[in-house]
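Data block below; observations after.
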Amino acid sequence: MALIAMAAGFILILIGFYGALTNRNILRMIVAFTVADTGVNIVMVTVGYLRDRTAPILDNAVPAADAAARIIDPVPQALVLTAIVIGMGVTALMLAFAYRFYEKKRTLDITKCTELKW
Amino acid sequence: MVDILIYIAAAVTGIAFLFALYRFLKGPTAADRVVAFDTMTLVTVVFIVIIALAEGRGIYLDVAVIYALLSFLGVIAVARYLERGL
Amino acid sequence: MSALFIALTILLTVAMIGAALVAVLGKSMPIAILSAGLVSLLASVLFLLLAAPDVAMTEAAIGSGLTTFLFFFILGRVRGGEHD
Amino acid sequence: MIRKFAALLLLAGIAAIFMGLLFTYEPDPELNTTARYYAERTAADIGAANIVTAIVVTYRGLDTLGEVTVLFLSAAIVGLVLASGRRKKTAKERTVTPAGELLATGSTLLAPLIMLLGVYVFVNGHLTPGGGFQGGAIIASGMLLLLLTDPLKHFSHTLIATVESLSGILYVAIGLLGIFLAGGFLDNRILPIGTLGTLFSAGAIPLIYSLIGLKVGAEFSSILAHLSETEEL
């Protein structure tokens, strides 16, 4: 199961990169970027998964005494938790820049951005 | 007995999910896809409850509550966009 | 229950890849944004299958609601220049 | 065409690396040393039932402080980027289709409940899945519902900024208190640990996570408010 999920994460990263590299519309590039972002998060969570174990939350189903034998690795989860929130902040920032770009150029086509061309 | 019930529920929900997915991928108009998206959010909540039952962790149900309460926001956003209210 | 989980993982994986392809290759912009929302929606169930309820909850709260809304907000602002 | 070809070539290279990673991946049969330490010592040392919360708030609390700072910076830059283009008042007033009766009535009923759910999620962060980040996102979703009903609504920037900076200052102050009363910066044992699984347990974790939740909610709300005040182009 972990291998299938990891393969799905890698395929999502590839699809997202393909979209970000081939599209000219800046909004579509941002959409492709969020898809790749989700793929990265899936791969990172998959690395912490162990077979036949359960979530790292102690309650009646998982008493504290035998927690080490029952739970999966909690560190990648803590990492991904913050990665998702930061990803949302980065997406908002990119969208703000896209808005400003449209305000200046009246287009969403990234190839019209030629100030640095010489 | 309970296991068989969970399997039957998962099979029925999976079929519903496949139908909604077909409509989402094929759907000729935007409205078709939006309705398919809405159906898939509901089916997804059922998936979460099935996972919670199968794993025996009642604590997963919190995620289903959050999901049921928040997933309609995306549908409302696209509906407001389509009626030019955003 | 393991067979059930594997079947569910395959179903979610196929649906996610299909939605991601629509998001990247599709013609219409609102549908692309909606598909990206669907990818993050299904990813959250996958996180739950991988025994990460915290991450699943974060993805559910942020991915399907807030991000989709931000995209549609900007798309509504630049509606006039929508020719692609 | 050449652009698409180059992109495909690059992707083939990345795909080869990914294939190598995927086929040589062997899941660990046991937890590694760090994870076993966290699994065995969390209940006794921190007293939080949710080990992910214990890692985010206490063991790696400094990283969380940095992460909240990054989020603050991104919210501030969104405000800066959008504000520098703000026009004078000559722009025509935006007109939007008013929301239907269902949405208008439903949102007044539902928005306070969604915010209450957000508060529940971050107060119970040490017992159930969830915590400050999720709770903050849920609070921002409540604001979003109000914004969907009436896109011209103006939120008070003063209120958002006050909540945000107050919770940030209190977060750092509690962290500094840990240096004097307990083991170090952001140590949660400045309050009694209590029994595992009750609401008032895990020392200062509910307090710290509530502050993080308020701060994250205020930051997301400020992003939403800044975006909603842009003009139609």
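Some observations on this one:
Which chain is which? They are A, B, C and D, in the order written, and residues in each are numbered from 1.
FYI, contacts are C-beta pairs under 8 Å (C-beta built on N, C-alpha and C of every residue); 3 or more make two chains touch, one makes a residue touch a chain.
Fair warning: this is a prediction, and the values are worked out from it, not measured in the lab.
The set of chains in contact with subunit B as well as subunit C comprises A, D. With chains reduced to the mean position of their C-alpha atoms, the one farthest from subunit B is D. More C-beta pairs touch across one of A-B and A-D than the other; that pair is A-D. Remark: subunit C and subunit D have CA centroids separated by 19 Å (rounded to whole angstrom).
Centre-to-centre separation between subunit A and subunit D, using Cα means, comes to 15 Å.
Centre to centre, using the average C-alpha position, subunit A and subunit C are separated by 11 Å. Within subunit B, the positions touching two or more other chains are listed as 55, 59-60, 62-63, 66, 70, 73, 77, 80, 84, 86.
Each of residues 50, 52, 121, 128-130, 133-134, 137-138, 141, 144, 148, 220, 223, 227, 230, 233 in subunit D touches at least two other chains. Those residues of subunit A in touch with two or more other chains are numbered 2, 7, 18, 49, 54-55, 57, 59, 72, 77, 81, 84-85, 88, 92, 95, 99, 102, 106. Interface of subunit A with subunit D (complex): residues 2-3, 6-7, 10, 13-14, 17-18, 21-22, 49-51, 55-59, 64, 67-68, 71-75, 77-78, 81-82, 84-86, 88-90, 92-93, 95-97, 99-100, 102-103, 106. By the touch criterion given at the top, residues 3-4, 7-8, 10-11, 14-15, 18, 21-22, 25, 27-32, 34-36, 38-40, 42-44, 49-52, 55-56, 60, 63-64, 67, 70-71, 74-75, 77-78, 81-82, 85, 128-129, 133, 137, 196-197, 216, 219-220, 223, 226-227, 230, 233 of subunit D touch subunit A in their complex. Across the interface of their complex, subunit C is touched by residues 50, 52-53, 121, 129-131, 133-134, 137-138, 140-141, 144, 148, 220, 223-224, 227-228, 230-233 of subunit D.
Those residues of subunit C lying in contact with subunit A across their complex are 2, 5-6, 9-10, 12-13, 16-17, 20-21, 23-25, 29, 32-33, 36, 39-40, 43, 46-47, 49-55, 58-59, 62-63, 66-67, 70-71, 73-75, 77-78, 81-82, 84. Residues 3, 6-7, 10, 14, 17-18, 21, 24-25, 30, 33-34, 37, 40-41, 44, 47-48, 51, 54-55, 59-60, 62-63, 66-67, 70-71, 73-74, 77-78, 80-82, 84, 86 of subunit B are the ones that touch subunit C when the two sit in their complex.
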